[in-house]
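The structure is given below, and queries will be raised subsequently.
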Amino acid sequence: MISAIPQSDHALEETPLQRYESIVKGGRLVIPFLGELRGDLGIREGRIVAIAEEIPASAGESVIDARGMMVFPGAVDSHYHVGIYRPHSEDAESESRSSLVGGVTALISYFRTGQNYLGTTGPYREIFPRVLALSDGHFYTDYAYHLAIMDSVQLDEIEMLVDDFGIASFKFYMFYKGLNLASDSTAGSAYTMAENYDLGHLYRMMERITAIAAQRRTAGRISLSLHCENPEIIRVFIEEVKRHGPGGLAGYSRSRPPLSERLSIHEAGVLADATGCPLNLLHLSSREALQAAMEIRTRYPQLDIVCETTLHHLALTCDTAGGIKGKVNPPLRTRADAEFLWQGIHSGRVDTVASDHACCQELDKDEDDLWRSLPGFGGSALLYPVLLSEGWHKRGIPPVRLAELAAANPARHFGLYPRKGTIAIGADADLALVDPGKTQRVHAAALHSAQEYSPFEGMELTGWPVATILRGQVQYKDGEVVGGKIGRYLKRPLPGE
Amino acid sequence: MISAIPQSDHALEETPLQRYESIVKGGRLVIPFLGELRGDLGIREGRIVAIAEEIPASAGESVIDARGMMVFPGAVDSHYHVGIYRPHSEDAESESRSSLVGGVTALISYFRTGQNYLGTTGPYREIFPRVLALSDGHFYTDYAYHLAIMDSVQLDEIEMLVDDFGIASFKFYMFYKGLNLASDSTAGSAYTMAENYDLGHLYRMMERITAIAAQRRTAGRISLSLHCENPEIIRVFIEEVKRHGPGGLAGYSRSRPPLSERLSIHEAGVLADATGCPLNLLHLSSREALQAAMEIRTRYPQLDIVCETTLHHLALTCDTAGGIKGKVNPPLRTRADAEFLWQGIHSGRVDTVASDHACCQELDKDEDDLWRSLPGFGGSALLYPVLLSEGWHKRGIPPVRLAELAAANPARHFGLYPRKGTIAIGADADLALVDPGKTQRVHAAALHSAQEYSPFEGMELTGWPVATILRGQVQYKDGEVVGGKIGRYLKRPLPGE
Amino acid sequence: MISAIPQSDHALEETPLQRYESIVKGGRLVIPFLGELRGDLGIREGRIVAIAEEIPASAGESVIDARGMMVFPGAVDSHYHVGIYRPHSEDAESESRSSLVGGVTALISYFRTGQNYLGTTGPYREIFPRVLALSDGHFYTDYAYHLAIMDSVQLDEIEMLVDDFGIASFKFYMFYKGLNLASDSTAGSAYTMAENYDLGHLYRMMERITAIAAQRRTAGRISLSLHCENPEIIRVFIEEVKRHGPGGLAGYSRSRPPLSERLSIHEAGVLADATGCPLNLLHLSSREALQAAMEIRTRYPQLDIVCETTLHHLALTCDTAGGIKGKVNPPLRTRADAEFLWQGIHSGRVDTVASDHACCQELDKDEDDLWRSLPGFGGSALLYPVLLSEGWHKRGIPPVRLAELAAANPARHFGLYPRKGTIAIGADADLALVDPGKTQRVHAAALHSAQEYSPFEGMELTGWPVATILRGQVQYKDGEVVGGKIGRYLKRPLPGE
Amino acid sequence: MISAIPQSDHALEETPLQRYESIVKGGRLVIPFLGELRGDLGIREGRIVAIAEEIPASAGESVIDARGMMVFPGAVDSHYHVGIYRPHSEDAESESRSSLVGGVTALISYFRTGQNYLGTTGPYREIFPRVLALSDGHFYTDYAYHLAIMDSVQLDEIEMLVDDFGIASFKFYMFYKGLNLASDSTAGSAYTMAENYDLGHLYRMMERITAIAAQRRTAGRISLSLHCENPEIIRVFIEEVKRHGPGGLAGYSRSRPPLSERLSIHEAGVLADATGCPLNLLHLSSREALQAAMEIRTRYPQLDIVCETTLHHLALTCDTAGGIKGKVNPPLRTRADAEFLWQGIHSGRVDTVASDHACCQELDKDEDDLWRSLPGFGGSALLYPVLLSEGWHKRGIPPVRLAELAAANPARHFGLYPRKGTIAIGADADLALVDPGKTQRVHAAALHSAQEYSPFEGMELTGWPVATILRGQVQYKDGEVVGGKIGRYLKRPLPGE
């Protein structure tokens, strides 16, 4: 025996033989930034405590047989809207349940005051504890919240939210300045229940976030997420589309054109450069949007800019989403736009892929009235299936890169890494066991969501989770939800060990 | 017990209790792209086969006590010059031995035909087997070679070198067109023993490498390393310095000014854009050089450009390197240049740090004749100590980032990852156990090199390897080389598992 | 005699000896894009009909003795606000009279509906004839109008305005979206008397102008002028300044910071790139504003972008303008900003210099209430004196370049060239005879304006017009207005001959 | 009578009635930066002394009837090679005679030491007086010289050449480093008769020119012209073309590919940025070349960069030039390249158009040996005809813009303006009277050159000079050379008046 530390005067104490609560055995591990490799995992108290080429089955109280499976880190679905159109607790239950189907084990949901959600306004000191109370005991996955800062009272709460509630990411919706969510009213402030929700407010938010990010430098990244669509441009395009068409989703895309994204991104870039604020550019939907994001990255190379796209902007177009139910902000675009986004994934320009999941039931979608229909729909249940089928099988993007997009990067950029988003000792045993060859058509019924339909309906996908494991507990298996509402609130930064 | 694969009809076979040839116990693991965490490593047949929070000491035939230590992946010193000034085998022995002191477990050495090295020219089909023969059994670390393609015969050998010899990286020296190595002759072709070693030759090399990289896409990165200094600019600055001074290293820096780097980088950028060739910009020494590298990255965003700097350009200046012994190409610069390079590390613009180790004995350095003195010196023995002391302790760069610069990134970009450069199951058990608080002055004698002096002499550094482990074998321990010449040639791409 | 045209079968007819209504004799001509040269001018019917080294005095009915004088083309003051705060006809009389003092012979005034000016709204088909009627017979200089398009009715009038009224330039005020003129109300639409005066409206305006410019390609440049300040940013800075100061003009500059210009310019750049619209970026006041203008020029090299700055942003700062009377939009800045603008002139980045003349009497400036005070003041009377004194004598900018900035370029970019803005045969005999060595302090009384004060008061300037000539008529001479209200409306494009 | 200068105590003296040696009557003047207008010119002592709407025919000793004609300023052909392949005086006579056909009244010829030209080397102090002596009395047009600085002795002569000989522009040939003129030898230094003719030499030249330009700021522009082709790239492409074809001019274009221009331009840009040197990028031949020029303009916005293209790169392609006689450096390219150059003229990116006239007789062109054939041919006789026919009639570029490209801009950038290159009083009476509707096919015989053929042979052009006038003397008329060898050497900067 070698002792590399001569100065140590204590002998190494013998530790007892290691036993595990469960073992994941025989699978092919997909480890972000490392690659794929054969290995077994030993799990204790919900954490991965051993990664080894072989762990004897006998060392575990239970064994999960992963032979033939790829073992991904549980996805971190970092763009989500729990409770936007339905009662919060109820939505949390049905939708986090649905997320398990997609291999998701943690989600980060956006919350704001104003219309929809709780339909209220006021300081987060009062409201956010209500959100946490409505959440507690209702999630099948772990969860965190990004908070939108809607008024100047909330502006003064940013520091408190970081320190007391572990909020590490905030949000600004660039189009609420002059448009409501459904795009059928320009009375933005009636919708936000806030005055002065404009670029000036955004500037102040950036200043605050930058200052706090600087003070809490060791506490991980603190950032601002942006929904980049400019409502003033949208206003005139809606007028045009209402007058001259086209109808349907093509009209909706035309009414909120890529130019509105591009303009917003340039506006945001100027303000971020002036303040230094770290940004997350959400759900980039079009060639123009991703190009604009690249332009501000090139122009302001010192800025920290994370680029997100969504499952539906990658996999759907305004022609394939089955009509007005596919209404979403920003809209579904063309096949060429989607391919440009895939290229962005290929070349490393896109950092994260999320679902932007918003359960929107049929009664809120009126096939006869594009404008009144509420935007958004669910997709979290398809996170790994769509990425693996469309990304890996069809376009050759390696599985490890997809695990980075869906798990490791969202975790890194939102203060959860490496406890979430990867496979490592010390990390939570959040895993998606994927059968890489399993082929299945999308049927809404199999997604376990409260949403009765899916814009992805009928799409044939290859590569489905057959088990989803949260902190060592099998929550979903062979198409059935087998676990319980054990999800925990994730106060950020999540301690690494 | 859960079986996640209903279709499997074979029960999991029980594997026997795992035992390890050795265990690294009690240390703090520094895992690239993941972070620092407590963990033990189980090693078998030279590979890491288990990473666990606890591995019982009794499970190992031997135990390496790493309590209080940081366990880094062994550094991959990707810029090295074995045999440049001394007999190849002899140099391999003394210098790879020295590298162990710096925590290096694999090195990638440049080789070329022409003056120095073997002093010969001809096809690599004949010469490279000689190099391998002279290497075999003479290395304390694992090793690979980058090959410089000096003439049109060798141009036609690139594909063969990739396929038969596992060469994944090539080199072009932009200044040999019109200058020898020591800068005391402009008879470039006498030095290279090759005609037409110019930008046209570079263009042809880029074309070939790009074509082969495209065909062998799944075989990992194939790239071209560039020594970026323009000899035509150097010519006129040498004339000026010889006439008007200054003397010493300040004069040497003036004689090969940052402008010569900048010009070469722009030349290379145009040709890389025209061909698509992946580049490694070696030993960027100055603000101007790093800025030029960033300019071509911004201008040609589709290009794959890796930026390297060296230990000595980070830690030394022309004022601190102890006189003409500090002569090196490109020259040591000013404190401001060095700080700009550290900034580049901080902001993620620099990808790798290497030593550019070239053992150059005192007889080849003439303190009275700057121009006749040979350039280069050793530094591999200080790779982790300088990075940890100057980077982490002084400038706050996290250890995990330093492990990425010195180990994971060189391994990734040169076809060795994840077998080398990280800590993972399946990876080679190449480790540097570092005592983070150990403070020691640099003394040449302690570096175990054939070079009698060090330009770093007297520098007080905190954070030294106390043990260096190659494929599970302790090669260096407590200041002594305890292992043998077990280094293996690394044919690339190195298989992952 | 040589006949160069063999095919001509008509002999050249003899023309009678040329006689001129007046002759400008003995002066040094300053001819844009040519230089300075000695020459006499022969004038007939208000046009220059001869330029010659010598024209005998006897050939003219009258002779203007210009010995010792520089003969500039009459300035074309392309940024003006006739009637903004005072009855239109009255203001036209007093202020165009004042312009003569500065060597101005043509002015292009901005007009819009909404508060101030005529305080009315409606279609230009009805309103613009009223403006023309109020103008007719009230100008001492020739005049044209840029029109601001405030609502969708007016949007549909653009083509008619181009064709029927010779309007070749339009305007958008980027800050009226959420701010009134004085900055004491955010009720933008109450001020503009228009709904939806936003970036969407701007986009539509750009589309229309671009389409018409394309159709009327031979009819000269048709363009859009932009007042670039973003009201949303201003809103939060006003709040801050009201709360924390500073007071006075420094506070005013802080309340409408350069960032608000920069943001607007980037917004405009994106929309201009999307539409192809030719732009005039008005009264760039700060380093940040001019830099942003250069950025969009570089980013969108195909765009036609004209950059304007003003006399006061060049010559005054918030410290030198004598208190709140110096309130203007965008605000006066620092000495460093002014020097950056001079640099922009030096390097050719600034295309035009105008006065942004808005006669604002003392009763509208309340030294005790920054916010209630109306912005703007007169400066047209100092156009050549400030440029010659500060530009030529102090900073070495050649007189010919100043003539380009103040006369030829405004004329070229706004459809008046070469009838206005230069000295050429066929051009209107609009001239400013300048005594280059005449030194005089600015006194409001000598400026012949209705404005009782001047922010330039007391500034010692060298280089004053001693005579201003409009279409051959001496309108101003030796400090006195000697001509009449003979100014004509300039329907654009003004025919060249 | 008005006296604008009260302080003047001298009455204006009466000047006698103006009489002119000649009058140009009835034409349409094309005045750079002004436009087209009807006007007569009065000429005395070789200068234009009057421009007037009407000058009575009786006022002139002779009258040139320009009715129906456009009166252009005489072209300033700023890229010329007098004496390159033939005895200097002889070549000057035949070729300047030929230039008259194209409306050229001044030419600026390149001269260098080394092979061709006088075939000698040495200091310009000795050689340039010989050049002037060989020139004196042999030119039909006025003339100046750009001088190439070939070695370090000549480097030290730059200041002397500026001051004593009025040389305001120098030259560097980027490809002579490793290639002779005909491209049939890489022995560059045998051809240049100079050592070290490389980028280091270029850097030194730029330093010198920049320093002198700064000292002589009021003396007009002092600049460096660059032939931008990189010989190292050319070397490998020649090898390829010799091995694999194609033959003919397509092969020649391939052998000196646009990449060689692009690389040189980027090299030059870096060095110009480092020194501040004003550049003229000569004979840009391809899309890639012009794009590279735009890139360095954008990257280094402070630099003074003039872009030239040639008649033949605009009007000919490697398919249309009639075989190997069309060999020229850089080579003729494709139709698409030519159209890109025309676009560059349209958008204002190209500043000057010249002929690069080099009389190369048939014996020096070997239709059977591309490589041995000498490059270059004459085109000066077609300067206005090609521009007017291909530029104006075919592509709608206004005549005034063509006059700027062929006359005013070359004069401005090379120190001759406004004495040459425009129509103004005080300017030399250098004029081209053009019949805009005259259509004629190109026949070598009609070009009055010593070159027996023309690559433009057979091209139908509309818009030919019918008279060319130098300092008031009709030199060429109705297809015949009617004047004498009265051309004068133009010492620069040419005084304005």
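As written, the chain order gives the labels A, B, C and D, with residue 1 at the start of each chain.
Note that a residue touches a chain if its C-beta (ideal position, glycine included) is under 8 Å from a C-beta of that chain, and two chains touch if they have at least 3 such contacts.
Note that the structure is predicted; figures quoted are calculated from it, not measured.
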item	value
Contacts common to subunit B and subunit D (chain labels)	none
Cα-centroid distance, subunit A relative to subunit D, in whole angstrom	63
Subunit A and subunit C: spacing of chain centres that average the CA atoms, whole Å	53
Centroid distance [mean C-alpha coordinates] between subunit B and subunit A, Å	38
Where subunit D touches two or more other chains at once, by residue number	none
Those chain pairs that satisfy the touch definition	A-B, A-C, B-D, C-D
Footprint of subunit D on subunit B - complex, ascending	177-178, 196, 198-201, 203-204, 230, 232-237, 259, 262-263, 266-267, 269-271, 274, 295, 299
Contacting residues of subunit D [partner subunit C, same complex]	1-6, 8, 10, 12, 14-18, 22, 25-26, 31-39, 42, 44, 47, 49-59, 62-69, 294, 298, 301-302, 347, 417-418, 422, 424-426, 433, 435, 466-467, 474, 477-478, 496-497
